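Both of the next two complexes hold subunit A, though its partner changes from subunit B to subunit C.
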Partner chain A sequence: MTKDKMMDKEKIRVSDISGKNGQMVELDPSRFLPLLSPYDTLELEPRISPLTAEQKIKYECDLDGISAIMLPRPKTEREKRTLVDKFLSGLTKLFDKEDNWTFIQPLLLTMEYCAKCQTCSKACPIFTQSGGIEIYRPTYRSEILRKLYKKYIKPGGRAISRMTGEDIDVNWEMIARLAELSYRCTICRRCAQVCPMGVDNGLVTHELRKIFSQEMGINIRQLHELGSSQQLLKGSSTGMTPAAFKDNIEFMENEVKERTGLEFKWPIDKAGADILLYHNAGEFLAWPENPEAFAVILDAAGISYTLSSDLLGYDGVNYGVWYDDIQMARVALKHIEIAKKLGVKKIVIGECGHSHKALAVIADRILTGDFIIPRESSLTLLADIVRSGRLNLDKSRNEDIFVTLHDPCNMVRLMGIVEPQREILRAVAPGFREMTPHGVDNYCCGGGSGFAIIDNANFPDWRHAVAGRMKLRQILDVFRDVISPEHKKYVCAPCSNCKGQFREMFVAYGIFERCNILYGGLAELIVNAMPNLKKPFFDWEWR
Partner chain B sequence: MPNGKKRGKYGGSYFEEIDWWTKPSNHSFFLELREMMKEILLIKTLYRHNRSLWIFSFPLHLGLYLLIGFGFLLIVGGILILSGLSVIQNSANILSKSVYYLTIAFAVSGSMLGIIGASGLFVRRAFDRELRLFSAWTDYFNLLLLLAISACLLAGWATSDGSLDLLRAYTAALISIGQAPVMPGILQITLGLVSFFFLYFPFTHMSHFIGKYFAFHKVRWDDRASAAGNKIEAGVKEALSKKLNWSGSHVKAGMTWKQATTDFNPKAEDDKR
Partner chain C sequence: MPVFEYNGIEIKVDDDGFMEEPEKWNEPVALALASVEGVSALTEKHWKVIKYLREYYLQFGMAPMIRRLCKETGFSLKEIYELFPSGPAKGACKVAGLTKPAGCV
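Let's look at the complex of A and B:
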């Protein structure tokens, strides 16, 4: 591929994925869609660092110069051939109803019925905000899998593919690029929502990642080794052990007492409680004010609940939901087993979007018998508590903060949980204003599908500049009239991974310093509106 | 799942209800049917999200429905003829008269809309870079086929069979396996194209109406939860007994799903590594 073609988004074709001429696309930030004031000049935007010369030699990066996976380049042609064979073996299993009973039906529908109308492309924030870079188009990735499906899976595929002009060259270069390409989509599923056929390009991303992980053992260290595997081994994807968890709880109990004057013991391993509450363990470490707020609320409302100190019992994450059905199932079943052991009536999932997806939705199709324990969103529970009047709330305590709501994709679009969080915000935040669009039409924070915790090479730069671009645009837009730093502004994000993305992205752009915009959860705002607290529940400072 | 007036407006679901599993199901066959009708008749999702394509896709689909209706009316007309009734303009029989006029109305409007829709989509696909990049020759061929059928039918009506008596008589002959009338060239071409279409379309993307039903009902809308004793649970039990075949070292190929997920020993795996 010539440098001209590399730069010219007009000329990239699906077949170019198999090219042997090095990097396909050179990212040019001047072509990204512009942000809003005060970031309407390129100078204020963070740089996308190039990979070092050593990284380029060592790792596959011939898609767009970004490395999410840090996939080592094979050293010999024989190695490449072995990998190609493994990929094709995984492809076959992906389309086998015995091997892929989990998602075969929607996958086949997606393969067969795409009308190639590009309605999905118009909805994709990564594609549109990048200025229309072809490889980020939802159908670009799906069309590669579709061509592979038609050539290798459908009867007479090789001949028919050639006849219909749908052939694709399979080589290691294609596979390596496809592996990286499967980590250029946050699986927000706006594409699936707008598709007139019901085709799901977000699912294609998920299924591609499965070939790499489940067949080839290629996955992202933060998601697998340090993620789901670490969670299964040590109890949490953060590495936090049960003993460390208990220490954290003690620390947070003291912090709550210091801040609010309220003294209570967190219920841990309380058999027979009504609710087992699962937080994302990252909250205990990075944003303890969120689980603390939950504890204050549930205590004040007289809710019977417990946390668990069992391995996995204090960490509701399930990274497998992004890339590996087996890991997902292992973690989900452990979560349910703990609930069963405690004899709770229901599981409530804290402010974590992908936990909602994993436990409330996907896990529903691996549970049987007495493992079918009801799972509920904390947003629904909190709204019920606020509505019931069990809490004494004074929303004027939040009146000096302009608040907007970031809707986590897995809660709104996947699960249809749209109104409870709004009902709460209307009750506790007089300065609440909606982003456009919002609700089920929301835009992803840019940290979805594990992006928020992938910090390999220059991937975070890409995540801030491209994946999170639309969301940043929305935030700047919703606070446009109060953007100057004398106004306090809060992005309410009831999801740990979204908060992780905001934390990193706001640092990259200097958002707090320049615009005085903070991010945080929903529970904290509720507690901040409780008049019996002597001082604000959270400090207005960067965290 | 399409919900009622309240939640349906903003896309809410039963997950917004406290203790949702204790509440009656919100599934409504009527609401589902209503949404499907909007999709089928009005191509609602495309109207909402890609209006510039909808302005051609809608007439094409409406044209096809009218042509299907036209085909049905030809069959009804054929049956009437075989019953000894005349399907003519000034027939005394109300049914025959209605069939006469409706057949022409459906044929003419259907083929005109088909021409507008198919040619519009062809031009869009050929000249819009975004669509062109992802179109195979079969996509253009399918549109040209639909355009040809519509155009030939309209031309046949205009030049040779203004009352559609010939096509009606041909249909009657098909039903009774009798002697078909001699057809003018343009109608022979039309019939040939239609016959080819019926043989060809099941193998093409044009059969998407089948897939769309499943994609909407079984994937997009199906939010039924598993419960002890229900069909979903039974399906899950069977699935968990399947053997794992994936080769990733963490997968444990050879075990069943149930074994590999519940009997998995992370410590032993870590020690091995």
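Let's look at the complex of A and C:
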């Protein structure tokens, strides 16, 4: 295949996924949609580094030259055959009601009802901003699964698929590419939202990842071994043990006292409190001003709450929600157990998007009877507090900052929590302005479904240049009239994952140095507007 | 896994250059790892940071909060970047022989 043919989107067919001719697509950044000033020329953008010669030999990268998984190339034909068998076994389980009781219904609907109208493709930030690279089209990925479903799952599938020209060749090359392709979608579900048929291409990504993880043990180290498994073992995906957590709490209590004069003891393991609050443990380590802000607000508002120092009790993450139902269930059950043990009336989820998805939405599938406990977003709780007037806020304390709001997919589009965070920003930030589009039509930060913490090979480069491209464009657009560095600008992102992506993407593009744009959570903006502080609650410096 | 060699010392490292066997760390190893960081000599300031990281790691099995590292060594984040160009996580922690920090950090 010549290079021209490879890049011509009309010529890439679904069946090419099984091709034995090496790399399918060569990424050409000059075809990505242009950004805005001051990044309107390609030269000002960071490169997508190619894999090293060593990495290309060692790892599967024949999709697009990017390696998210660092999936080792099998050494023998026998190894490949075993993997192919495993994949097909996993595929069967995916469509079995007993094995996939969590998601079988929406999956089947998605398999049966696509009208191929491509409305989803127009809505997908990765597909559109890449300049329309065919493999990133939502339906490209789904059609692969659909062909597999029609051939291997539906009765008479093999014969029918041959007759209708819908055949798909299942070989290791296809499987390796599909594994990588399942990590080219952030499961933002913008596609699912616009689909006139109710098909869910984001779900397809998730279900594919399940075959790889649950059946084949193929997953991403930062999500699994150093993620959900580490959380189950040590108490947190960050590796923070209960001892380290308690030590950090003490440190942060002193920090709060220094900044605000407030002397308080963080409520930990308080049985009978009204609320159990779950933060993403990464906040304590990378952005302590956020949980500190929560502590200040809840203290001032007189809310009865507690944190937990039990294993998993101080870490609300649930990475399994991105790739593995078993890990997801294990962690969700633990989170609920801890709440039950403390006898709280409800769980409140801090500024973490996927934690909302896991605990407030997906967990419903496994919570029955005694396990049901109300779960609420911190966004609605904070909005109630701000509205009550108990905090005596003075928004002029934030007036020198232009603020925009990034709507995290898992709280806004998934759960419909749209107004509370805006109500809060209008009350604390005179410089608040909306991105276009926003609310449930928001675009993903590019770090969703675990991308923000996948640090492998050249994947981060792709994540910044492609996955996060639309978001970056939106940020440059909303601040276009004040883009120069003398204006302080803040992207309010009430989600740890989104903040992680903004941190990495902003570093890659030099956003803070060039444009003076900072990112951060919501709670700290609220505290910044509290009148009894001697100095700003957070420093205007890179974090 | 890759083996990093410097001045006769062999260190097993992961794909990002972090030690795979942190218990084998010692001062010559730190110098070796520092060379990758583009740091040719380790000053007293460097050692202050390294010592703090190492002690915290031995006690808690992980890297400390960045805020904490700054406060307890007395260096600003900017100064830490000046000492270790790749920063506290990717630079200083590596030289101090910690394993690579993970999670939403």
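One rule holds for everything that comes next: the second predicted complex is superposed on the first by the 541 of 543 C-alpha atoms of A that agree within 3 Å, B and C clash if a C-alpha of one lies under 4 Å from a C-alpha of the other, contacts with A are read in each partner's own complex, and residues count from 1 in each chain.
FYI, a contact is a pair of C-beta atoms (placed from the backbone, for glycine too) under 8 Å apart; a residue touches a chain by one contact, two chains touch by 3 or more.
On a predicted model such as this, the values are computed, not experimentally measured, just so you know.
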Superposition on subunit A - do subunit B and subunit C clash or fit: fit
Subunit B versus subunit C as contact partner of A:Ile104, first or second or both or neither: neither
First (subunit B), second (subunit C), both or neither touched by A:Val84: neither
Touch count on subunit A, higher of subunit B and subunit C: B
First, second, both or neither for A:Ala301, with subunit B first and subunit C second: neither
Partner chain in contact with A:Leu51 - subunit B first, subunit C second, else both or neither: neither
Partner chain in contact with A:Glu166 - subunit B first, subunit C second, else both or neither: first
Touching partner for A:Val482 - first (subunit B), second (subunit C), both, neither: neither
Smallest distance from any CA atom of subunit C to any CA atom of subunit B, in Å, after fitting: 16
Subunit A partner contacts - residues on subunit C that touch it in the complex: 15-16, 60-62, 65-68, 77, 101-105
Footprint of subunit A on subunit B - complex, ascending: 3, 7, 10-21, 39, 43, 45-46, 48-50, 53, 57, 129-131, 133-139, 205, 208, 211-212, 214-216, 218-220, 223, 225-228, 232-233, 236-237, 239-240, 242-252, 257, 260-262, 264, 266-267, 269-270
Subunit A - residues contacting subunit B, complex: 10, 13-14, 86, 89-90, 93, 96, 98-99, 101-102, 105-106, 109-110, 112-119, 121-123, 134, 139, 143, 164-166, 192, 194-200, 213-217, 224, 229, 232-233, 324, 326-327, 329-330, 333, 346, 360, 364-370, 372, 374, 376-377, 380-381, 383-384, 412-413, 415-420, 439-440
Subunit A residues touching subunit C - in the complex, by the definition given at the top: 70, 222, 226-227, 230, 234, 236-241, 243-244, 247-248, 251, 255, 280-286, 288, 317, 452-453, 455-457, 496-497, 500, 541-542
